[in-house]
Amino acid sequence: MVAFSERRKKLYRIIFEADTAAGKAFDVALLILIISSVVVVSLESIVSLRRNYLQLFLILEWAFTVIFTIEYFLRIYSTPRPVKYIFSFFGLVDLLAILPTYLSLFILGSQYLLVVRVLRLLRIARIFKLTRFINEGQVLTRALRASATKIAVFLGTVSLLVVIIGSLMYVIEGRENGFTSIPKSIYWTIVTLTTVGYGDIAPQTTLGQFVASLVMIMGYGIIAVPTGIVTVEMSRSDRANLTQQVCPNCHAEGHQADAAYCYRCGYKFSELA
Amino acid sequence: MVAFSERRKKLYRIIFEADTAAGKAFDVALLILIISSVVVVSLESIVSLRRNYLQLFLILEWAFTVIFTIEYFLRIYSTPRPVKYIFSFFGLVDLLAILPTYLSLFILGSQYLLVVRVLRLLRIARIFKLTRFINEGQVLTRALRASATKIAVFLGTVSLLVVIIGSLMYVIEGRENGFTSIPKSIYWTIVTLTTVGYGDIAPQTTLGQFVASLVMIMGYGIIAVPTGIVTVEMSRSDRANLTQQVCPNCHAEGHQADAAYCYRCGYKFSELA
Amino acid sequence: MVAFSERRKKLYRIIFEADTAAGKAFDVALLILIISSVVVVSLESIVSLRRNYLQLFLILEWAFTVIFTIEYFLRIYSTPRPVKYIFSFFGLVDLLAILPTYLSLFILGSQYLLVVRVLRLLRIARIFKLTRFINEGQVLTRALRASATKIAVFLGTVSLLVVIIGSLMYVIEGRENGFTSIPKSIYWTIVTLTTVGYGDIAPQTTLGQFVASLVMIMGYGIIAVPTGIVTVEMSRSDRANLTQQVCPNCHAEGHQADAAYCYRCGYKFSELA
Amino acid sequence: MVAFSERRKKLYRIIFEADTAAGKAFDVALLILIISSVVVVSLESIVSLRRNYLQLFLILEWAFTVIFTIEYFLRIYSTPRPVKYIFSFFGLVDLLAILPTYLSLFILGSQYLLVVRVLRLLRIARIFKLTRFINEGQVLTRALRASATKIAVFLGTVSLLVVIIGSLMYVIEGRENGFTSIPKSIYWTIVTLTTVGYGDIAPQTTLGQFVASLVMIMGYGIIAVPTGIVTVEMSRSDRANLTQQVCPNCHAEGHQADAAYCYRCGYKFSELA
């Protein structure tokens, strides 16, 4: 770890942490700024508002950007490991949250990308002492990660299905009924299989409607598969009552609540906790 | 408890309870009145009916309102704790069920808010001796409350996703394809992610349709998460219910909730609990 | 049981049972006739076909009806308990399967009701020796019946919600945006909450689209509730491994596979099976 | 097994297996060719591209077909059991992947059927050493197969329902509201029951909208059934997986699938199984 001055340490505690009064105030201010800036970008996109308040929007947008830019450089300045911060997830989000305004000088419309600022809210979570939320989030994430292979197999199968049905419908319905190309037919198949059903393209021929009916019933059944996967995975970790504990010897996760030994390396837990 | 006259006590038993003949008759009459009044408000909103029977509708509406107003004051009069009643959930609903008619003298159209009267049906539940229904309702409510944190994390993630995808689609599709502003694009994203799919706004560009396809498949998978959460929670309280009892004779576990005898040794449970 | 002739007994075995060669042949013939007659009714409803082959359709329809009428009277003649048959579920279906043709002489268009004939297919199930299917059907039915109270609570809550949201949207959107009356707004709410989303009515105002977004997300979450209910119920009977066994003493159903005693009356099973 | 030359054996290892460098290279080349050819067929279906690059598309299509034809005959030549290969699933897919191009000489438009080539990707799975994926796929397939009877009962019930509701809506709404025939009404019922909801056909009469509302709520509930079936089936095979092993030292049950040590006593499992 690089040595660095007292002032930097103080700044670091304010900006990166939330356990001091100043740190908490900083985070609350940031929270308000982020939400305001996203609301401003959203409102700016409404034509009637933009026409009447263009000046105001420009001023606000640049004000937010300048503040966030200063904050960005303060973060780089105060952190003991600037390079690690810059290339971390939050470092990149912080950069993306200011870049579009500068880009909008050259490329029209790029300022709408500023909504990536909402991602910064993920960091603010800590001011609510949301450990319980973060834990629950980890439970959900672990359940999804554990079933990733099953989900990949499922998505792969659905993709093959969608390409074949899409092409079939292109041949059956043809250009005159809105199925103007195979990619568009595949888009229709996804719209139908997921039961979204816009109706911008809909089969007109009897054969097409028959195939569509089969696709719908299939989609109706297929939805059971991801639901089953996720439910079983959540139910498993719920039943086994898996803990947040990490084995201090081999760093394995997902131990049962009543575990006395690591199931991976046999390390004895009992003297802990 | 404040002392109060015999007549009030009698009124209280009729109005607030349902274990006497008069109390039951009162509740049945109320049930019919509430449903009739909601049906009348609904029918009044149909233009052709309103034009022809305006007089009749006005009379009926005021009749219902006068009856409910009298009932409201009788409730305040008969209850031993009027203030507590007035500010209870049902007290507020009872007030909201009469206010709009009086308001409609000043503000046109406010009488349609009278449909909040349906909420009063919740109270009528007791005349059916619906304890079983109320118990089941509590099981559902408990399951939902127990998974509230997980659901909050889930909704938070979906909200961030919806803002980012909405803005992206606004940039991709633009005003000429119906995505006239970021709020409207966010609305479209919700319509698509929840698989509702009105089709009033639908992507026209190839890139937009590609992103839309990803959103649909995502929404198709995301629906598995709340389902998994609720199922696991219900399953947990169900499991707890099954295994509560242990046979005092043979120590067998896993008896059904309505078991009167041990399925393993035939021991009679009934003298317990 | 009423005494009746040999010929009747023979007819009964052919018409009502499927364990003789003649009985099987009868059922297969009936299966073909029922499906053909439903297909004919369906095709007749297509304008272009009806115009060209009206004569043919009329002949076929009357032919099917005459055959089914003869069969109906043979059933009444051969069964030992005619009254019980006539008022049984299948007796009524058999009657409804011939009545519309005769009615069509007086009321135009009533012949399309002939499709109730498909219900007769339920009886034909036995020729496939579909006991396994019937068992599985019973498992599904039992799961649904066991969760009937929960489902009633759920549907009641949804109904209240739908009436209130529907009226709210009527006030917000108004007649000029397609929400022409409260009943129609309630219809829109159901279309949206169930994620069907026709798009024939869609909110136009910003506030309306905001409320609609909330309804969609609610509907997205609400779907988890029936799924959770049914899954838990199925999982319970699966875990407890409930059998088809009926207690010979108290006729209780739903015994666990390893049960030695009836959980309801304590009757000893072991000497059976 | 028929005796055959060294060269054939070598070819067999390259074409049918993936454990040599040459075999792997062959599979990777095939993977790229298959995806490219499907993309080319898809792009060809876009009118604007087809008009400008018809010559190029024709050349590419024939090139792919010639390569796949050579590959097909090499497979027949090198396999020790040509007849078995030809009539295997992959043999038929390989044939279907080249036939449409030759057919397109006689039948216009048949070349779009070439997308069946995506099915060939199923074979390529092995180059990723995707045993884990294949295992997971088998778990999913087993769960679906085990619940096949339940799903058949479910689909049968839904089919009867759909025919009856479809005919009812035809009688209620009639030709003037888009329900032009019973088959079309059945199509509408499927669109509604599966919550797809295109909106190309939508009920106009009040009674029709009322019935439609019932169908939607029914569909909303019915979706719970396949989900419940698949979840319970998956959960069952998952539970079986968890409880297989019993610790030989302390007899603890409920070890995780990848456990190397007993979580209760720390006993090492690895010498087992």
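Quick notes on this structure:
Here the chain labels run A, B, C and D in written order, and each chain numbers its own residues starting at 1.
By definition in this document, a residue touches a chain if its C-beta (ideal position, glycine included) is under 8 Å from a C-beta of that chain, and two chains touch if they have at least 3 such contacts.
Keep in mind the model is a prediction, meaning the values are calculated, not measured.
When the contact pairs of A-D are matched by residue number against B-D, A-C or A-B, more than half turn up again in A-B.
Different-residue interface: chain C and chain D share under half of the residue numbers found at their contact.
Taking the mean of the C-alpha atoms as each chain's centre, chain B and chain C sit 28 Å apart. Each chain gets one centre point, the mean of its Cα atoms, and the points for chain A and chain C are 43 Å apart. Distance from the chain C centre to the chain D centre is 31 Å, each centre being the mean of its Cα atoms. As a whole-number value, the distance joining the C-alpha centres of chain B and chain D reads 41 Å. Shared interface positions of chain A, i.e. residues touching 2 or more other chains, are given as 183, 186, 195-199, 223, 227, 229, 231, 235.
Put simply, chain B touches chain C in their complex at residues 38, 41-43, 45-47, 109, 112-113, 115-116, 118-119, 121-122, 132-133, 136-137, 139-140, 143-144, 151, 155, 158, 183-184, 186-187, 190-191, 193-200, 223, 226-227, 229-231, 233-235, 238, 242, 254-256, 258-266, 268. By the touch criterion stated above, chain B contacts chain A in their complex at residues 149-150, 152-154, 156-157, 160, 163-164, 166-167, 170-171, 175, 180-183, 186, 192, 195-199, 202, 206, 209-210, 212-213, 216-217, 219-221, 223-225, 227-229, 231-232, 235-236. Within the complex, the chain D residues that touch chain B are 195-199, 227, 231.
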